[in-house]
């Protein structure tokens, strides 16, 4: 009993520390935005920044604070409805495509909502008031918040791209286009029964478990990501005008929606531009291509006579690599060209795309 | 020549005075809004407040400042595109239904745009630098801005109504529901040839001219507006479920869009509520009904065995009345019940609905 | 009493004769169609031919046969629902845009429905069994059926035009393109109070009455219809690319729907074609332009510095003309060039467009 | 060489025989339809019967007759365009959702198209004029035609169901609702590496090959299909109102499209009806439930605490069973209740659903 409590205490302290860091990181991502930027929603799949900030807070309020105290009083009775997302079992949700129609609560009110929840969470962590199960849910909430940090960036990219003024999210200058990419090699893997899925003791999302076996036929995987320059060859070979490369559903969308290049690419005369979180810049042929739809990736693979890896193949290939890459913490906020690699090494498995 | 210049000078001074008042009034209307409120667009016909503030400014920049100076430099090269509205002849326009997707320019930047244009307009008025024709266009711009002041209020009403938090635009308390309405009487007019259209020397919109003759058959017009209570009788008689009152097109929309009451009315149990610029409040049966669509007004008229007046009939009936009513300047921002009237007098012809 | 009955008898005989002719004319219009042609609906405003044939029959069944006999048994209990159109007061209707989804009743069954109703109508006319009021409704039904004859032709034109095989409705050869059009002159009318509306004793639709006065300012009306060649000048002057000619709503549709020429016109290289009920044929520059939308007609008028006539102006201008023209009975089924006219005469007021 | 020719001859004779049978079967399926029934398209995924009859013919014309003879003249130059479907590489296609707008070619013309192609195919088969590769393509075309036979029935079911007259495709009476179903048992399979995919020498679709290994964890599969009565328990437990059973995407569709029961089920008072190819009939609780969407099947499985089998699991379970079931040839055209089974036997693996 003592031991259980000691363990909870240790974990509460550790989580309080991570809670502070991760919650602050979310605020830091929003800090360079204007109030107005946090309000708009440029397509149904995009959510306003202030919604992300409130929804991640709603998670902690609902699942960590809400359940255990009959005297619990929310800061606002309708936040439960406004900031619920896909958790149908928790109750009705405000319709997702209308999130950008809400001017209230304001950005400042969302900030107060965050503070209000943070104070309660940290106060209870401090006095070790959560059960182990609640701590598990809290830990899941931190990973949930990190997912939404990623969404804040992808969503604001779409918001800024939709604006003819093309604002830049980050004032930092990107490194100049590189002059080199590692040659693409194929790394072969043998067929057979492999084990995949999370095998450790720590946190993992439920869809990363259980550990299980799969049979894979022999396959090879490319040593690095496809570059923008390589993808440009597909475009210049008429890739977006030739149905033979595309799945039928994909071709139907190419035609119906008039696809001509990846989202965020545009051409002016002969020069290709790419819209980034740093604003518009000339396309670097050595940078990895990203923001491809499944259909585009599949068509490109057909074009070069390859196929996309299965999820299990990628997991097997990536399993033993060190986790090293171009992550959010580095604030580059854009994929970079791969440096050269030793024979048989896989590059850019984490972070770049 | 001297005289022309003296006249222009007099008029420039007068317009400078009105310009200051009207431009300030627009800012005053926006002053009680949060930044976020000025950004959103809840239906294609609604425009964000900051768009109204920028668009009315664009009018002066384009039509008053823009034409006469080859050295003219805009404050931003794309404002011309973003804030053009239905003036197709002036160039391409940013698509109207997407106005709410623009976080930039910010509310503050729009404020700076207004200041920048105001300074130039006032400086030129001060040195009598505009031609008579430019002064005419400037005067039209002031009326244009007053129209958009009206739109700022109707649009923000829709924005706030769309939000489950139902914010109030104005903190002022409305007077309590009145207990009385003047009885509805019919005032008769003889048939014959009438003259309608603007007849004076002052400003008028182009669709108010020219003065012209119409032949009207004898008609009668009601002495006051229809009240909410009277309209409620239509609802309670099954008005929204009985096709016999409706034009075919109107009935089609009733069915397709599920109409059950005027926009902004809602029922909770047996109590009817109305959403106003002062927030939700119980429906006052004595207040005039407003925000009716043409189809609803027409169906109500059929229900009571009357018909809607033609535009020319209304103009003839209203022509000799003193302009007196519940206007924007009074900041009531909601229609009020009519006081009792003398026999044969028409009430509420201006302002209430 | 005797006299009333004699009058009813005379009128019953006369209407029986007209009933036979008009009902047969509808069948004659459908006779050259394939069964398949009578089924499809190529846009919501188009109805299948067999629907027109059944709906006009439904009119007689519902309003002439249905009301007066409690023992009345319909040939099919659901025809009342399927073939009701905009008469909301009569009951629920099958949704208009889905008429083309009904393979049953078949074309042959619709024919039997027509025969079955015809037998009853004619039998009762024969024994003078209808009241005067029923005879009035029957007479209205004949005019209603003639309206639908027109719709059968306009609708099948759209059906055939939508088919890449471009079938021809009529095998008859049109006269070769003419080489001449009367010069366009303007006929002037004085301002003043005019009487319009039907003034006789015979049949008229309710919206053609009552006779009433209007005040018209002086106006002029063209002596003949606009020709295809004249309209082509509008197109070649960039009419469909220049917003200055268009109403704002019209321009919005030009852009959204990609209008480039009137419906049924197409260009191949430098040659213009027109789709007619006789199939595709080269556009005759001397034929009147038709199938223009309101927006196109209005834009063309603006282009040539004129305006469209008001309905009352057209009625005043046409009031004294002999009814002479290119009608359905002539089976030309396409407008023809106007022959030359005497000074001050108006041409093509009936039939051509 | 001699041997190759002898083999081709044998195969040509055998295929000629099957060609005659299968092509005649398609015509037999259409024979009980009215001409009108073959024209309409009640949703984008439905094709008109005459389109199926023409499209399967187009296959043989394009891929078997078209390629090898430069002198080849089509019966109609536009059939290639009209009856192409998803084969983007073969050229442009008439838009799928508009197939029901085509009254021409007529049903009779489609019949002549079929005859014309049949004569050529059979004549060439007769003189052994096809290469082995062409015979392979022809054989694939026969399987393709059998797939479309299935579609003719599923599509006409939707066409008849959309019609308020609810016509019956087949006049045959279904056997009366049975009184018994085999009890549902679970048959267990061990985990391990299995081989799946077609392993024989004969015809198979390309997505049935190659033979390959999969690793399966231990699983159990039900001994028979779920019955309508069992599914009704799900409905009566509020299955269509409780989000906890549904995938998020599925729940979104339940709400948006107002799902309350499987397609073709309807309730009148307390009685459930099912629309079949034999018309409306009371739902037999013992018949297998069918026409379920993936989301409904998945929600039902969640409701009963099971999950849907993976494709590989089903294939492993079904691999050793005799192919025996309720097929098209039997003309029952509706699933039937399973008879009782021996312990551990799987029933209804073929045909019923």
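Residue numbering begins at 1 within each chain, and the chains themselves are lettered A, B, C and D in the order written.
Rule of thumb we're sticking to: a residue touches a chain if its C-beta (ideal position, glycine included) is under 8 Å from a C-beta of that chain, and two chains touch if they have at least 3 such contacts.
This structure is a prediction, so every number in the text was calculated from the model and none was measured.
Chemist: What is the set of chains touching both chain C and chain D?
Modeler: For chain C paired with chain D, there are no chains in contact with each.
Chemist: Hey, which chain ends up farthest from chain C, C-alpha centres compared?
Modeler: A
Chemist: How far is the middle of chain A from the middle of chain D, if each middle is the mean of its Cα atoms, in Å?
Modeler: 40
Chemist: So the centre of each chain is just the mean of its C-alpha atoms; given that, what is the distance between chain A and chain C in Å?
Modeler: 60
Chemist: Which positions in chain C touch two or more other chains at once?
Modeler: Nothing qualifies.
Chemist: Could you list each pair of chains that touch, in label order?
Modeler: A-B, A-D, B-C, C-D
Chemist: Considering the complex alone, what residue numbers of chain D touch chain A?
Modeler: 86, 88-89, 191, 193, 212-215, 217, 243-244, 246, 248, 251
Chemist: In the complex, go through chain B and note every residue touching chain A.
Modeler: 34-42, 78, 81-82, 94, 98, 100-107, 159, 162-165, 167
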